[in-house]
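Labels run A, B and C following the written order; every chain starts at residue 1.
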């Protein structure tokens, strides 16, 4: 029974990791940019959400608005920053995402103070008990929403032309360009999608802990690790990697609490040394 | 004329404590500028020359600083011995983290170092010998064979010595065979961060130098400030150090110190009320540098050099 | 329909193409022959907008296309089938084909896919398997098929024979000839395999170090002593 509880809780934290790592891998596999701002974009959007909720705007409305703001920010980011940085250097693009975290954390700290804030849960009230497994209602909501987002993204990536084009870009940029695929629009779409996902995970995570400028930093690190587990170039891998990481983490911190802190590093080093393709990674050689 | 400029500058710097003796706190800030400058110089070798991103550079500072503090405070080691031990420990950590990353492409090092930073922070918080979450208090100042450096100006000369030392090491590294092969590899790669070209030793050397510089910088910080706390060496500092190297101009020798100067004095200039905004400004400067000034603040030095050549009638 | 006049192209400071003029008329197969590094692929990349010309004019049906980007050029009916296959190995064959017809409407995609799969039946059988699972020859068919998805009015083909067995090369070239005759599809072909290219093309240009040294009707060129010596290996 304890094991089942642990696994279920692992799935829920895993769902959050999956969302973040999916956003990261979506960007990485198509643009080759490691997006260090994925977590803090969620943080910024969660702050926006907090102040909308404080003005009595209903939760579902806020949820939608946050997604829309994420899409808008993704658009502006690609259109006015990344597309220009792409012409300078690859490292420059990565640095811009890091600069974004400095700007967001400074901005939020300055405007809303660095005091932790209590972020409302999507559904409050006593936890549910299903077959002896205790689940917080917000956690259940988190899990369901994450699954829905994963499914929606997969439908887009596998069933729409723009999604298939995005995947082709991840495989062979020249091949895509020569077919006349409008690469700049694809980049726009990818960043819009990634930042929308960031907003959702920001709200979901904020409801489980308190809101403060650094609250997404650890989640982002876990997102990276899930991406490593998933092989860094496969979106399916990143989602599975997230769930796996969530479950392993819950089991480890219960059964071997001594290594709880260094567990993340140990896991990363082990995977990097013995499974550099990740557990779910593709073997195909990608463009250098 | 141009030949003498560095010496004139050096003499000027040597007299700084005298010139600024009315405002010793500025000397205190300059000490910090050099301390972070040393750390950033290490990152500059790794990133600017080696082309590898580390997001755990501050953790190496913590490793150096805490090691020295522990040996001096708990085991009564003389400062110099503790310094040497700290440097060896930093080098070993650099080797441990750097070695696996040789085989790996792209961003694995960034993630591994980020995870390392997280773990180091957690471990330091939990141990009692480090003062845990209370921080490590009352670390004695530099003790050079019985002479305790108390004033900002006396510390200034010691830190300046180490700063110049790291400067010359970096210069030699860049001009060495290892440095040149790394630069060649960095420049030939369009896009991707690293490929499996067989220059592992050069890469490893860059990584160890980076860790040692960070460790040294941490030791200097510990005995200068006399207090350490894990949160001072968390991810934000690592990101700031990356920003410093970018703003200074990647792969340039003067970049780290110039940008470190900017980083330390920016919050002082804009005032305590807006201090949090300095991180916003710093981030914006990073973006501007990436987009418009690929050689960063070092561009200024290049311009001055060029003008001097003109003055000299070339 | 395609006219290139006095074209110069550089990679950074290095000039690769030094003032060439090439024309492809309606219904023609034109080939550009030359050894590795002569600049053949560069010409195609410049026509399709991947590279920008330094000097010179490229016109398609009397419209200047120098400054257009690849998507606009594809929309005008020019399809470039690159050398080295460049299929998307982890995408299914169907998905590869869909991307070839990126600018078509939903129902047209379906129609065009039926058309392409009748030309290359092997693709029809394996629509839902990953493109990476195809053999070399099949991948070449996929690349050509994918190029045909966009309903091209002009086909630019880069080294379709590269790395294929002689038998497969013959199949591919026959298919091209049939396409050209049945659909009146003009083709600009770049080849190292001079013999095959001369056999199927109407006219040819011979490129050496970024300059055209010889041009004319393919049936005349094939008889020329210097061509025989240098390119036909006898």
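We adopt the following convention: a contact is a pair of C-beta atoms (placed from the backbone, for glycine too) under 8 Å apart; a residue touches a chain by one contact, two chains touch by 3 or more.
It should be emphasised that the depicted structure is a prediction, and the values quoted were computed from it without experimental measurement.
> Name the chain with the Cα centroid closest to the overall protein Cα centroid.
Most central by this criterion: A.
> What chain is the most remote from chain A, judged by the mean position of CA atoms in each chain?
If we average the C-alpha coordinates per chain, C ends up farthest from chain A.
> At what distance in angstrom does the C-alpha mean of chain C lie from that of chain B?
That pair's centroid distance is 54 Å.
> Go ahead and note the Å separation of the Cα centroids belonging to chain A and chain C.
Their C-alpha centroids are separated by 42 Å.
> So the centre of each chain is just the mean of its C-alpha atoms; given that, what is the distance between chain A and chain B in Å?
Averaging C-alpha atoms per chain gives centres 31 Å apart.
> Okay, in this complex, where on chain A does chain C touch?
161, 164-165, 167-168, 171-172, 174-182, 282, 284
> Residue numbers of chain C touching chain A in their complex, please.
It is residues 48, 50, 70-75, 80, 82, 86-91, 95-96, 98-100, 102-103, 132, 146, 150 of chain C that touch chain A.
> For chain A, which residues are in contact with chain B within the complex?
Per the stated touch rule, the residues are 28, 32, 34, 36, 81, 84-85, 88-96, 98-103, 105-107, 109-110, 114, 214, 217-218, 221, 224-225, 227-228, 232, 261-262, 264-265, 268-269, 272-273, 276, 288.
> Give the list of chain B residues in touch with chain A in this complex.
For this pair, the touching residues of chain B are 47, 51, 53, 55, 100-101, 103-104, 106-108, 110-112, 114-116, 118-119, 122-123, 126, 189-193, 195, 235-236, 239-240, 242-243, 246, 250, 274, 276-284, 286-287, 290-291, 294.
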